[in-house]
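By letter and in written order, the chains are A, B and C; residue numbering begins at 1 in each of them.
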Amino acid sequence: MSTTVETPPATTTRFGDPTKTSANARTRSMVGRIVTHVCIIIGVMFSIFPFYWLLVMSTQTTAQIFGYPPKLWFSTHLWENLNAVVHDVPLFQSLLNTFLVSLAVAVLVMFFDSLAAFAFGKYEFPGKNTLFVLLLATFLVPGSLSLVPSFVLMSWLGWTGSFAALIVPGAANAFGIFLLRQFAQTSIPNEMVESARVDGAGFFRTWWSIGVPMMRGGVAFLGIFTFITTWNDYVWPLIILVNPRRLTLQVALSQLNAIYSTNFGEVMAGAVISVVPLIGIFIIGSRHFIANIAAGAIKG
Amino acid sequence: MAFSRRSLLAGTAGLGALAAGGLSACGSRTSISSDPNELVIWYWDRSIDPALLSIAAKQIPGTQRHLRADIIGGSFDTKLRTSLAGNAYIPDLTNINSNVSLYFPNEDMFLDLDELGAQNYKHLYFDWKWELGVTPTNHFRFFPLDTGPTGFYYRQDVFDKAKIPSDPESVGAAMKTWDEFIELGQKLKRNVGSFMDITAGQLFGQYINASPQRYFDKAGKPLYMNQTSTIRDAWNMAVKAIKAGITGNQQVSTDQNAAWESGKTAGHIEAVWWAQILGDTAPDTKGKWRLAKQPVRAGNSGGSFICIPHTCKDPEAAFKFITWLNNPQNQAQAFNNIQLFPSAEDSFTLGTMKSNTGFFGDQDPLTFFLEAAKEVPTSFISTYEAQAAFFGTEITNVEAAGKNPDRAWDDAVAQTNKILRKRGVNV
Amino acid sequence: MTVTNPAIPSARVADEPSTTERRPRNPFKRFWPQYVAVAPFYILFLVFGMFPLIFSIWLSFNDWDGMGQMKFVGLAQYRFLITDSRFWLAVGNTFLIWIMSTIPMLFLALVIAFLLHTNIRAKGFYRVAFFIPNVTSAVAMAIVFGSIFSNSFGIINSFLNWLHVSQVPWLSNPWGIKVVIAVMVIWRWTGYNSIIYLAGLQAVSTELYEAARVDGANNWHIFSRITIPMLRPVILFTVITSTVGGLSLFTEPQVLFGNTSNIGGPADGGLTIVLYQYYQAFNQFDFGYGAAIAWALFIIAVVFAIINWRLVSEREVDGQKVFKVSRKQRAANASAEPTEVAAK
């Protein structure tokens, strides 16, 4: 679990100030800690509850789900719901597909976005501001705008039904560039870039040896975030993927909604399957969220 | 610097290769399958019997072709339309749900089945179902799959408790008209506090489904503004039902399921296929439900069609598949396997259909719905009905938000006409 | 945009504009690595963003059902849009839900970030716990919330019943619907935003705090005069993403009411702009009108982004002026500043 990679806090904070060592302050700090924990635990319960509810429903039959009063504890039908999912959709194939597509998009986004963000955040070049404003403008374009035209474009390219239609358009995005640019500006000291230049390093070397390590918290975050959003992407794959052997998980699971009847227990079991790997990946990757982004920044 | 340039070169080369690959793949195929002997059909889960599909996957009887069946999940219409519009990845055969009229404006996208000899099969199917597949220009392009004759489902135990007629015969006799239906509902409400149906919108819709006249005539002329019209009658009935308090204002499916399970809502007018949903969502109520004739006459709700897109690589073989799939024996089998209610009347006389599940006690749902199917009036569903959804929205506003019924009606007419004018219809 | 803080002339890095004068050369020859670095996004956008965009502009001047012939209708779609009461209802709903969700969400996210930033145990576990909602698919969770808030068997109403409080018809009342959708948004995105804030907090240099303490500042001063100003770029980012996300809200109401007779739910209480656009394009197959709605949404989004930007950036300057920080730390911070100043 991620708890093993705690880094000592970089800052003095509102509670538990180590410079005050009087007994009074210690008591206050104790109370502060308890209050903090209680607040956080309440928050965590709200955060976790719907997920718990999903798990509970995945173990129930459809009739139990719609029963009154609601049953708060697990039932015994998980296995049969899971079996129904495996029987009705090509689950393992689409799990693998989804994993590969999400990984490809995440890696490409981390690469291209960090390059662009480094250039935007730490360098001056003619036309930079115009380009950046353009980039922000694209950020505001509603994604739903282009569903139909994109489908037409993909059929011209011959990408209908192929994963290229999912991977290539998303290989770089305004969101990530904007996010990483903020990281670049706040966590890479100008002096370091300057001294790299004095040492004769070019742009790409500086990006690789200074930019990437200094932005790594942001880059890792972006990678995981991209992976997750790609994994959960629904409307576009639903439109573009027509080959039943090449489906992503969300699209495969959408087929559980039969036209005349829906087995809710099965749908919930499917949802659990689509969520569990993501949580695993998130937990493995979560230490990157902790990574002290300002680590290595010039001190004094 | 050498490192970064090299990686840059590699990256650029990669991008270039990608772009070249994309361009060379230009000019995609119209058909999904490149195998000349393989026909592809699009359908959704539980709309074709898998056992029949696996026979056709080896060989479509009477042809040299075989069939690949692709399950298409949600957004079926969107996918089909975008494929047809983009002229790429079009299946050789496709199912279409009860909303076939949506495709009437672009009917040329589908083959006229009469040219393939469909008239020879017409006598096998219910007339009203066959007619729903005929376009306003009198081309038969959509072949009958299953049907959805309707009836009044009700909880006998709750009706008993309310001390009102509770056996199918006397319930049917007690509600020969919609006024009687509402009166019966008031008794039910007064005595045990249960509702006759989930929403007024449901009653409104089923009233129309059981009427020969609907929103538009075949020429696309709106009928709802006439002095007397089905839509106005259905509206008045629904408003009366709301005022009488016999509908439950349960607008979301999860609430509806819970209401039927608990008996808070003790009835529902819906098609034969609803029995399956009911069995899945409220299995504990098994044996408590019965079926009675709904007021006036039975209608049709749902039921799908199969058709052949104009790009089909072998229309004869595709048509052979359609007629084989829908012969009375196979429709009877599809009923036994996945409860698709036949559109071929002979299916019922074969004696192979398994009927009673015990869900309706000793009542045989098959006999009930066969009688209902024979009563369904022939009607015409216009392509513009999708634009007339405001009537359903507004009756919901009356029920859920307490909107004034007269204002709601005027708003529904005004909004529908506005949209129709936008679509170039003279109103 | 290139406003350089005159107080810190040494802050500009590497290829500072002034050096250009000394070595006048073709800008592309000098700056090619930067252009190459930013190019992939623009190339991809040109192909996969620009083309559909232009196509959709063209579409909005046409009448097209997605299959038949396109018919040019000029501004008719937009004229219709102006007088379409359902569109304006959708605009109103979208803003109400946006306000009902964004304000509590960002506030809660800040609180959680501060709590997590204190030196507490099990921080890693908490962080994962708060982020889990964002990981789950919105489709599945909309079904879950539909059942939690169900009028007749939902756990919330069971709880109210147990408390002897009258039950709320969450899913058939226009306000109840908005509350449910806002709760779903808050639930899904609070953890995400707090992780971003936390990253921002951790990026704040320790020395700033130490310097402030030496100057005798108390916790509240540190919070309001250092932490918040230092977090401004991050707050700006979350406000903008929340605006864009809020304006394009779609999945939650679509899954909640997708299979009811009325796509926006009872009395259209959950009809959002994008849902209405989706309805026109993929239910009514009026692609021209769908495109016009999308463009109207785009204009609204741009206006709001500008307003947001101004609000956040103006307060930035106030925050910076008040507290004294050493030159060096200001220099370190300055690179975050030009963006905000530029919007003036």
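Basically, a contact is a pair of C-beta atoms (placed from the backbone, for glycine too) under 8 Å apart; a residue touches a chain by one contact, two chains touch by 3 or more.
All values reported here derive from a predicted model rather than from experimental measurement.
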Inset, instruction - Could you find the two chains linked by the most C-beta contact pairs? - result: A-C
Inset, instruction - Just grab the chain with the largest centre-to-centre distance to subunit A, centres being mean Cα coordinates. - result: B
Legend entry - Separation of subunit B from subunit C, taking each centre as the mean of its C-alpha atoms, in whole Å: 39
Legend entry - Interchain centroid distance [CA atoms averaged], subunit A/subunit C, Å: 15
Inset, instruction - For subunit A, write out the residues touching at least two other chains, lowest number first. - result: 66-68, 148, 152, 168, 202-204, 207, 254, 264
Inset, instruction - For subunit C, jot down the residues that touch at least 2 other chains. - result: 33, 40, 66, 147, 152-153
Legend entry - Two or more partner chains touched - positions in subunit B: 4, 8, 75, 78, 82, 85, 254, 258, 262
Inset, instruction - In the complex, go through subunit A and note every residue touching subunit B. - result: 61-63, 66-68, 88, 148, 151-152, 155-161, 164, 168, 201-205, 207-208, 238-239, 242-244, 251-252, 254-264
Legend entry - subunit C - residues contacting subunit A, complex: 1-2, 10-17, 27, 30-31, 33-35, 37-38, 40-42, 44-45, 47-49, 51-53, 55-56, 59, 66, 108, 111-112, 114-120, 122-141, 143-145, 147-148, 152-155, 158, 187, 190-191, 195-196, 198-207, 209-210, 213, 219, 223, 230, 233-234, 237, 240-241, 244, 247-248, 250-251, 274, 277-278, 281, 287, 290-291, 294-295, 297-298, 301-302, 305, 328, 331-333, 335-336, 339, 342
Legend entry - Residues on subunit B engaged by subunit A in the complex (per definition of touch): 1, 3-5, 7-8, 18, 22-23, 25-28, 32, 44-47, 70-75, 78-79, 82-83, 85-89, 97, 254, 257-258, 261-262, 273, 276-277, 280-284, 302, 304
Legend entry - Complex contacts: residues of subunit C adjacent to subunit B: 33, 36, 40, 43, 63, 65-68, 76, 80, 85-86, 146-147, 150-153, 169, 171-174, 256-257, 259-262, 265-268, 282-286, 289
Legend entry - subunit B residues touching subunit C - in the complex, by the definition given at the top: 4, 8, 15, 75, 77-78, 81-82, 84-85, 102-103, 105-106, 109, 201, 205, 249-255, 258-259, 262, 264, 386-387, 389, 392-393, 396-397, 400-401, 403, 415, 418, 422-424
